[in-house]
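After the structure tokens below, expect a handful of questions from me.
Note that the chains take the letters A, B and C in the order they are written out, and that residue 1 is the start of every chain.
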Amino acid sequence: MVPTEHHGDQWEPYVDNGGSTLAIAGEDFVVIGSDTRSSDGYNINTRYDPKAFKFTNNTVLATTGYRADCKSMAKSVQAQITKYAHDHGKEMSVEAMAQMLSIMMYQKRFFSYYVFPIVAGIDKEGKGAVYSYDPVGNMERVGFRAFGSSSALLQPFIDDQLGFKNRADIKPEERELHLPDLQQAKNIITDVFNGAAERDIYTGDGLQLFTITKEGGIELEELPLKRD
Amino acid sequence: MSITQYNGSAIVAMTGKNCVVIGCDKRLGQQALTVDMNFEKVFRVKDKLYVGLPGLATDVQTLHDRIRYRVNMYDLEEERAIQPDNLAHMISNMLYQKRFGPYFCEPIIAGLTEKDEPYIMGMDLIGCLSSAPDFIVGGTASDNLYGMCEALWEPDLGPDDLFRSASQALLNAVDRDAMSGWGAVVHVITPEKTETYHLQGRQD
Amino acid sequence: MVPANRRGFHFDNCKRNELLESKGSITAKFTKTGTTIVGLIYKDGVILGADTRATEGPIVADKNCEKLHRLTENMYCAGAGTAADTEYTTNMIASKLELHRLNTNRQPRVVTAASMLSQHLFQYQGHIGANLILGGYDINGPQLISVMPHGSTDKLPYMTLGSGMLAAMAVFETKWKPNMERDDAIALVTEAVSAGIFNDLGSGSNVDVVVITKDRTDYLRNHSKPNQRVPKQTSYKYPPGSVSVIRKEVRYHSNANQSPAAVVPEVVMSES
């Protein structure tokens, strides 16, 4: 944990405010889970500071890292999306938004935002899409991704449950048959976040579950997590 | 990098209904370079008592030698089989004696007690004991193992279910850790027998 | 080989560890009890309280550890700091006090324990990272003494220690008063520890309480459990054949009525 203070001669511009995000892309849906705790060292700054936000009727951006950078970046993205809608008379697609975010982040290559974003939405073919980034804008479209202070706790489990890694009983070509439906995906996120809240001191307080479907648009559920 | 991460390791112990499992990965590295693909870190102490030693490999071997010496002396002096809690305190004492010049190893003990009840115990590198009703993890993949075990573990698993849960926890945890992997060994300890499984894992 | 029965601390690894340190940084991660521990004096005695979380960096290493250590029947000690140090220091003082009790045939006094602790910690110049709150009842009545890692002591009617000490002290400073009733005092201790559990990330899980009075000591393990895990939505059992096994060995235990053949290797490619 690095304080934003003068540390000897060296000024440190970044703080890690903890928290975790997890996104799962399904055949025709996306689910994004994120906790609502924001902390600094052993202190809780606030128990309710959502990490995920709706950007269009089709996309959600979830970000962990330094909260100030997360919010500043989200504001810039929102401004561009609004401008795009006015200029073109239509909403930005997930693909376009994902590419734009990558460019916006790389533009700050030498004083980057300290952020770990995930963009989720439904793509032009109606399929669930999850894009993950490193802090300088390296983008990758993935099936599922965990970021933040609990990423080491969350990622191996979704590798197992959704990637079917090390599963001798499921052949690679049969994996699609075993993929979870929307409700199962939500259950997996809820369970693994409860586990992370047990063990990671920076993850807790509340869980936000965003669900995006083509028909239903974006839905938000809020569930409690451990507060200790 | 911490010296406990120099060689890489992953160990997990889990309790079930009248059984315990303890498993480890097989990698030995020098930082990013893999040196040995068959370096086991879980050792048999007695029929129903195993100890896992994650950490710096030189200390893993030294500690294993010293534990074996102390357990043999216990056998001769006490003329009875050492129990899991005795072993835990014995190792804890060995580690705390070196409080100001420690072994870089965080032992994990798994076994069945005299009454065949499952027993697991972990400790840090200076011998602070920590018990748990469910599972103990250690090594460079410990964070990954915590996530896996918190999600997978449930009470009263039988030996077969417990073996599969622990194996999947271990394999998927080491696949997200660069310092451990190259297959795994899992010991399933029941009152009658101990089954040792050598697992296929990613070779990278 | 070093004799196994050599007493005291061993320093034979120090030179080697220094060498390792010079080649690369050693960041030894001891288990710390991030901790909220509290103590107060009330009408009939003294109460100690503690949370039950032990951390290793940002990860919870033990969800239900014990931070209230028994010294004698009439004395308990709450410990914060390096977990192994609080455990071993209090254990050692406990056995010394028991021998002292048997030698003198008197109930050990709180000041005796405080002196022993402070002299031991002073000898090690702060390198033993034990922050302690000692509470007990003897012929001088209820007493509460804190001992810091360098060996300094403090005597106060109410105190808090550990990373959650400010959260807990906020509660004490608002609500503590002299000569409280037993139930009110237990509730106040629980509230103070809970403030640490919820507002300090280094503290968590349950509240342990010990109440020491003239005639009896009540150790209330997990007096309050405000952080129970919610049940899982799904069971994640795996079907048979889900783990690929290269080789399987079976070792029958000697005390069971099985074949004494020590190891029966069996080659299977996937689990049956």
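In this section, contacts are C-beta pairs under 8 Å (C-beta built on N, C-alpha and C of every residue); 3 or more make two chains touch, one makes a residue touch a chain.
Just so we're clear, the structure is a prediction, and the values are computed from it rather than from any experiment.
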Original post:
Can you list every chain that touches chain A and also touches chain C?
Top reply: B
Subject >> Chain whose Cα centroid lies at the greatest distance from that of chain C >> reply: A
Original post:
Per the centroid of Cα atoms for each chain, what is the distance between chain A and chain B, given in Å?
Top reply: 34
Subject >> chain B-chain C separation of Cα centroids, rounded to whole Å >> reply: 23
**OP:** Check each residue of chain C and list the ones that touch at least two other chains.
**Re:** 59, 63, 232, 236, 238, 240, 242-244, 271
Subject >> chain A residues counted as touching two or more neighbouring chains >> reply: 166-168, 191, 194, 198-199
Subject >> Set of chain B residues in contact with two or more other chains >> reply: 143, 146, 151-152, 168, 171, 200
Original post:
So in the complex, which bits of chain B are touching chain A?
Top reply: 143-144, 146-148, 150-152, 168, 171-173, 175-176, 200-201
Original post:
So in the complex, which bits of chain A are touching chain C?
Top reply: 18, 39, 41-44, 149, 161, 166-170, 184, 187-188, 190-191, 194, 198-202, 226-228
Original post:
Which of the residues in chain C end up touching chain A in this complex?
Top reply: 34, 53, 55, 58-60, 63, 163, 197-205, 226-227, 229-230, 232-234, 236, 238-244, 270-271
**OP:** Report the residues of chain B in contact with chain C in the complex, numbered from low to high.
**Re:** 1-4, 47-48, 69-70, 73, 95-104, 122, 124-132, 142-143, 146, 151-152, 154, 157, 160-161, 163-165, 167-168, 171, 183, 191-200
Subject >> Of all residues in chain C, those that touch chain B in their complex >> reply: 4, 8-17, 20-21, 24-31, 54, 56, 59, 61-65, 82-85, 87-88, 127-128, 232, 235-238, 240, 242-256, 258, 271
